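First the structure, then my questions, so here it is.
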Amino acid sequence: MTLIKDLVSGDEFTGFYLIKELEVKQTNATPPKDYLDIVLCDASGQLPAKYWDASTRDKETFFPMGLVKVRGLVQTYRERLQIKIMQIRPAADADGVTLTDFVRSAPIRPVDLIYTIKQATASIEDQEIRSIVSFCVDKVEDKLMHYPAAKTHHHAYFAGLAYHVVRMLEIGDFMCRQRPFLNPDFIKAGIILHDIAKPEEMTAQLGIVSEYSVKGKLVGHISMASNWITEAALRLDIDLDSEKVIGLHHLVLSHHNLGEWGSPVQPQTPEAVALHHIDTLDAKLQMVEDALDTTPESEPWTPFIRGLENKAVYRLKV
Amino acid sequence: MTLIKDLVSGDEFTGFYLIKELEVKQTNATPPKDYLDIVLCDASGQLPAKYWDASTRDKETFFPMGLVKVRGLVQTYRERLQIKIMQIRPAADADGVTLTDFVRSAPIRPVDLIYTIKQATASIEDQEIRSIVSFCVDKVEDKLMHYPAAKTHHHAYFAGLAYHVVRMLEIGDFMCRQRPFLNPDFIKAGIILHDIAKPEEMTAQLGIVSEYSVKGKLVGHISMASNWITEAALRLDIDLDSEKVIGLHHLVLSHHNLGEWGSPVQPQTPEAVALHHIDTLDAKLQMVEDALDTTPESEPWTPFIRGLENKAVYRLKV
Amino acid sequence: MTLIKDLVSGDEFTGFYLIKELEVKQTNATPPKDYLDIVLCDASGQLPAKYWDASTRDKETFFPMGLVKVRGLVQTYRERLQIKIMQIRPAADADGVTLTDFVRSAPIRPVDLIYTIKQATASIEDQEIRSIVSFCVDKVEDKLMHYPAAKTHHHAYFAGLAYHVVRMLEIGDFMCRQRPFLNPDFIKAGIILHDIAKPEEMTAQLGIVSEYSVKGKLVGHISMASNWITEAALRLDIDLDSEKVIGLHHLVLSHHNLGEWGSPVQPQTPEAVALHHIDTLDAKLQMVEDALDTTPESEPWTPFIRGLENKAVYRLKV
Amino acid sequence: MTLIKDLVSGDEFTGFYLIKELEVKQTNATPPKDYLDIVLCDASGQLPAKYWDASTRDKETFFPMGLVKVRGLVQTYRERLQIKIMQIRPAADADGVTLTDFVRSAPIRPVDLIYTIKQATASIEDQEIRSIVSFCVDKVEDKLMHYPAAKTHHHAYFAGLAYHVVRMLEIGDFMCRQRPFLNPDFIKAGIILHDIAKPEEMTAQLGIVSEYSVKGKLVGHISMASNWITEAALRLDIDLDSEKVIGLHHLVLSHHNLGEWGSPVQPQTPEAVALHHIDTLDAKLQMVEDALDTTPESEPWTPFIRGLENKAVYRLKV
Amino acid sequence: MTLIKDLVSGDEFTGFYLIKELEVKQTNATPPKDYLDIVLCDASGQLPAKYWDASTRDKETFFPMGLVKVRGLVQTYRERLQIKIMQIRPAADADGVTLTDFVRSAPIRPVDLIYTIKQATASIEDQEIRSIVSFCVDKVEDKLMHYPAAKTHHHAYFAGLAYHVVRMLEIGDFMCRQRPFLNPDFIKAGIILHDIAKPEEMTAQLGIVSEYSVKGKLVGHISMASNWITEAALRLDIDLDSEKVIGLHHLVLSHHNLGEWGSPVQPQTPEAVALHHIDTLDAKLQMVEDALDTTPESEPWTPFIRGLENKAVYRLKV
Amino acid sequence: MTLIKDLVSGDEFTGFYLIKELEVKQTNATPPKDYLDIVLCDASGQLPAKYWDASTRDKETFFPMGLVKVRGLVQTYRERLQIKIMQIRPAADADGVTLTDFVRSAPIRPVDLIYTIKQATASIEDQEIRSIVSFCVDKVEDKLMHYPAAKTHHHAYFAGLAYHVVRMLEIGDFMCRQRPFLNPDFIKAGIILHDIAKPEEMTAQLGIVSEYSVKGKLVGHISMASNWITEAALRLDIDLDSEKVIGLHHLVLSHHNLGEWGSPVQPQTPEAVALHHIDTLDAKLQMVEDALDTTPESEPWTPFIRGLENKAVYRLKV
């Protein structure tokens, strides 16, 4: 079976792919005819595809997030590759293909990511901080198994959020060893909690965010996480006014650094300063890595990257 | 007894005043001598005062927020009035003077302000919204009797916060009648809750803010109020994910309108849009009114007002 | 006759509508064929429509702002409703339909709006201020009967400008009663004059702005209104340097508050501060109300609203 | 008589100077003693001066903008020169000294500057434009003889405004020859009118601005000049809606280029674009020239210049 | 032969033109057909053109920057003119047409521009400055003969860069005479060097920029020119730390004035201040002139101009 | 000998200290008397000190950066400690005290820092990159032994620059191991070169910056380092247009990320993105660490830190 990223113009191929997007459109003919405007993907990449002359039944059969078997032809349209679908049918149980094999994923298995996050939580020495972090992780453990960290910005794939947290834990661990004035409990707690409410802010399937929830828009993941800390403390009978609890609120609330980036307060503890910059370092480098990974080796420049001042990244020839 | 704002250069006077600020300073003589650098105030205004040649005992006797009896002489120093204190002693019980008579206050009695706020709370038709608002008001009822709305920005005097809320309730009531698509329950709840956590954000005495609390700096009154809503809902057994609770969070979180002004989300319900603009209208007009009240009638221009693009306000002669 | 907002996919219908926009386009067929790309509206809303295979005569018969009788079919195209026009003809006198019944209008009759504005003018106590306001109103009285307040921003419909002024007069009246330090004459004058030159800044028909005038672009409505005040004072023999005249200039010039919003000076009188915030409060709430009115009840979110930080507004389910 | 800029530490000198600023201050002695804190200037520069132990009579005798004869001693105080006044008396008629000899002035005589401006006005070919410009110049001709262009920003000296206009006329003349698509009438009119209302915006004596007028603050010189154009057209019976008049308004209104710099509209005619950049070029280079002129030759760096991004200017050694 | 700008709807014509852009596209027919989507230009302007039913051979024959002979028909498509190509063939040597006759060019011949720049270089009195400028000019002399000053911003045509330099030299010469404190050597050097590396920053052919070079993107023309000064000084054995060399670096590095416009340092010498404003004045007026030249006389407004706050320019009717 | 940070009010003490700042001032007595206004420091901190009644000889004997023996008395002045100097004399050779023992220093010895930087340089695999880095390090090796990284911003102490580089090398090494797509040669080179020209941008002694050099102000350390790379490549005969050299220029030029922070280009290689964020992370955490170190343990809040959005940092009590 051919991977999407290996297809070249002129190829005829047959294989299983995921319908990432699907829209019924009409040609400009008079009268117009319906066709399916599709984005097909597998874990290696994605390509636009057209299924001309779609019947009423076709329009009812195919839908986004469905696995399909396709026979197609690769064409060039306006300097870009595009698939002309000759035959298409939904995948059946007998085909033995699994949805999650067809989406981009973090390079580490979700169960291992969750295990690492739980280990880090367990290693927090302070019992109250540990139990609050644990309470919040439990709330979203299922979703952490597959949620991305954002819609498009960075780590936008299967288990991207948990992967982001795990990489940050590694950096956090290094920074605590390099700079002993940092409190490792707060560093770990801040890293695990900073985006913990994102799975409730967005609706995602297979690592692909379809929309933001009402609560996500009206409250936002930063304030939601702050409220979960309050809920945890109340349920666990921890003093709401203790500096531990205030410190956890502060880490979450300040991690975007500036008001215009969504933080109602600015970092004012050593660990809050560290958290913001560890988060930024990991997110920016991941944007670079993701852009390089999904840009063909033959292209010296990646596409423009919104989060990097809308600049493209260049592969120096050295 | 002469009011501060009636003193003119050359007056000799005796009266009771409040020490608003006090610092022990040294003259530049060799060796330097200690003197008390004081700000004296009453409800009509304030003036700087010097008590030269302060003894060790004097330095231990006088302190900020203390009532004193003063015999003094009004001088002009660098084009401004200044009091030379000739005699000074702490006020005694027998003097029959009351602290609160010597500070600037809202023009309505605190008990009446609180009564109005409680009436407005009671008039909220939705039982759950009403009980959450009530829970939060109860938390700070004592402080609402005397807290200012801000350190210097606006309504910076005794019971200024409650007064701000009451005036906003009047505007809110008018707007709900003018525009029936606004939900009066949310308008009332938003007005009462929007600054409800300010008394925990700052430390104030007699309407004068001395400093921000640690929680005030690290969490901020907006997130604190949001967390109180969570606490109220948990304790009152109200669904945390109901749109009522989300709507209340949203009103509080968005009322500063923009991220750079401290709001992590922007107004996205009709009542949240209204709340921000009612808050602004009342605060800006109060800044104007306060500046006019404390500027002598003979001055056509008030001092510069930070919250009004740092402009002075002019009294047109018409 | 079916209202636009009641049409659903699959409906066949006949009725009178207004052509709001019309463009002759070509299909991509070889050779291309002409068709009419139309926006049909009535007072309840608007929908795109196509009239395929337009003849040369059709292209000469139909034009924007024309009333037509249409027999059509409602289709769904790219998730949005669209009308396929089967038959179309211009409305004739005998049809007894009136243009103004087919556009969105202020909810109060223009004559009543003008009456209210004239009453408010007449109630200005100062004779000079009153006569200047009157002079300016007279200049545009005809256009005030139907001009919108803006191209798209807010109150963008028939008599929207006069409606905006009347609602602001209500708020201004309330604020003068709540805060007696405000001068009612200046508040009324400021509200009536602040946008008085807009009808000369834009060209509008039936409440729909088609373009800005040369003077509108090179001078702008703020400076135009300021110059009208000068013209009024000169013609009425009022001292150009009196503080009354300066005060009126100031109200108009400062009402956008900031230079980047078009005001060459910032508000520096009590009434100028009030005027800006009353204007903002009314405009923002009208944006919300208009967005809610034109969004189907079934949609929880309105479209994004430019003037509200480009946020959508949500209907809370309570 | 020694020029201020030639005084060095240790000099004893006698001469006539102007009191630019004067404040009565007190020493920190107990009781404090009065002294005069003075800024002495002549056309070459200025220095701070102290007159210790001022008598009541001294305090009544000396005032800003008064000419005095001084015997003094030059001292160094905190690395800067300062004059200790030993003797001081007001200049008398018999001394034969003239105020204007003691202030910084444009390098061209005021009468010559006015002559040049009138010649340029007379050379405007269009009769209507010429008469409007003439009307406005006549309004302020007396003040043009001595007004500065700004309080401190640039051309802040005797006849600085007229000098700025004359230099701009030279550049404007060159640009019209280099780029024939520019209309010389509008270029001349724009240059003469752009700051024409500044003498009514500020109060100045001897080229030194003491304060802004009420009209200056509430209306501003840009809108004032626009209103003068209206007044001129009305009195001269020129069509207010002609493109000539609109063009003149536009030049004045747009010459600060951006809203945040005070222009309610942005340049949209060729001459308005040229006017803004000619104005900027002349003002910025004059700031540099003035800073170099008033910085001792021995100093490689001038002080920081607000209008040049708050940078100092360096004299390269080449 | 008909000039592009003289073509009107309905014309049939034959002539030679340059293919400025060319893309192979497909119609929406099923199956889609290929056609050539072309922009044809000559020195007077440009128009879109379609060549329907392109054969495989056509697709291999025509390419951007090729001269062609075309027989076509002018049609109106969406209110704009468009050419339907009936016949097309590449120009042959025998046709006697020259590429450079078909592109927009500076109004002065390239050899004359280069001659002027070399004369100005030769007139620099300081031998070291002169030789550094000369070294840099030599590096790009060939490209100066034809490079534009920018991709679209200003002077975007054949020899536009050299033309920009020559016009600036004229202004610089005038300013040095008006303000003798400016050093003419630095003014000339700054004008010649400020954009000298642009031909290495971009790839251009016939005055049309196709893309930025890798070095252009990663280093930028400002730093490239600064590095050329270093290279020149090293090769010419001039002291790298002399104030002459520092002064040249400074002129180049600061000429965009602000960091957000690309200058790592802000102007801090008299000549650097002058250079920035001469550059701006010339560029902005050229944008106006170019927009007027390429807008039909019948249009009162030019298109929006990015570099002029995205405003259009109006031709006043006077 | 008592450390500065251990002095408390009322202490009489004798010891050796460094004069960090010294100014001759006058008292306000009539006539004024000279005194020495001094800042005394040792490696633990600093305190203001006064030496009253300074003789002419005293004024010639003491100077900044001089070691002195002091007998003094600790007083409290305006709530801050201040030393009254009773006796003072310059330190003599016989005293056996060393300047560098009295200034704040990096916690690692300069020779060890230089050794680490040289080791990192030697470990760069690419010979050309290694030799360019080596060339630049050699230029400033002496100054690297003691220069701070900035005047006040961060690492403002003895060998602070080298220390900053060494800590960044540690982080860079970790990041290269965590993210193998980063090129370690460029990461090392970027870290070593990014601030390499700072010692030529500023003048510093004992880790204390006294001023910026002319070249520092007119060219800036970023462009200076870029020019050193050119110089190195020319002298080492390395192709100026190779992507290695371009890549090094890019790292240095882009490391401040944004134009308004001084970078003429934005990061566009993976290593440039990493360099900026590693630099920021290290600088910000060092600001926190330095602020905590120099704030007495008893103070919960540090002073405001300019580089951290002007926020103070809080020590949570946990």
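Note that the chains are named A, B, C, D, E and F in the order they appear, and that numbering of residues resets to 1 at the start of each chain.
The rule we apply is simple: a contact is a pair of C-beta atoms (placed from the backbone, for glycine too) under 8 Å apart; a residue touches a chain by one contact, two chains touch by 3 or more.
Treat the numbers as computed from the prediction; the structure is a model and nothing was measured.
Common neighbours of chain D and chain E under the contact rule above are C, F. The geometric centre of chain E is 46 Å away from that of chain F, both derived from CA atoms. Centroid to centroid, with C-alpha atoms defining each point, chain A and chain F lie 41 Å apart. The set of chain C residues touching two or more other chains comprises 28-29, 214, 217-218, 243, 246-247, 258, 268-269, 314.
Pairwise chain contacts present here: A-B, A-C, A-E, A-F, B-C, B-D, B-F, C-D, C-E, D-E, D-F, E-F [touch as defined].
Only residues 23, 25-26, 28-30, 32, 214, 217-218 of chain B touch chain F when the two sit together in their complex.
Residue ranges on chain C touching chain B, taken from their complex, read 126, 167, 170-171, 174-175, 178-179, 181-183, 185-186, 243-244, 246-247, 257-258, 266-270, 273-274, 277-278, 280-281, 284-285, 288-289, 292, 308-309, 311-318. Taken in their complex, chain C has these residues touching chain D: 214-215, 217-220, 222-223, 226-227, 230-231, 234-235, 240-241, 243, 246-247, 249-250, 253, 258-265, 268-269. By the touch criterion given at the top, residues 27-29, 33, 52-53, 77-79, 300, 314 of chain B touch chain D in their complex.
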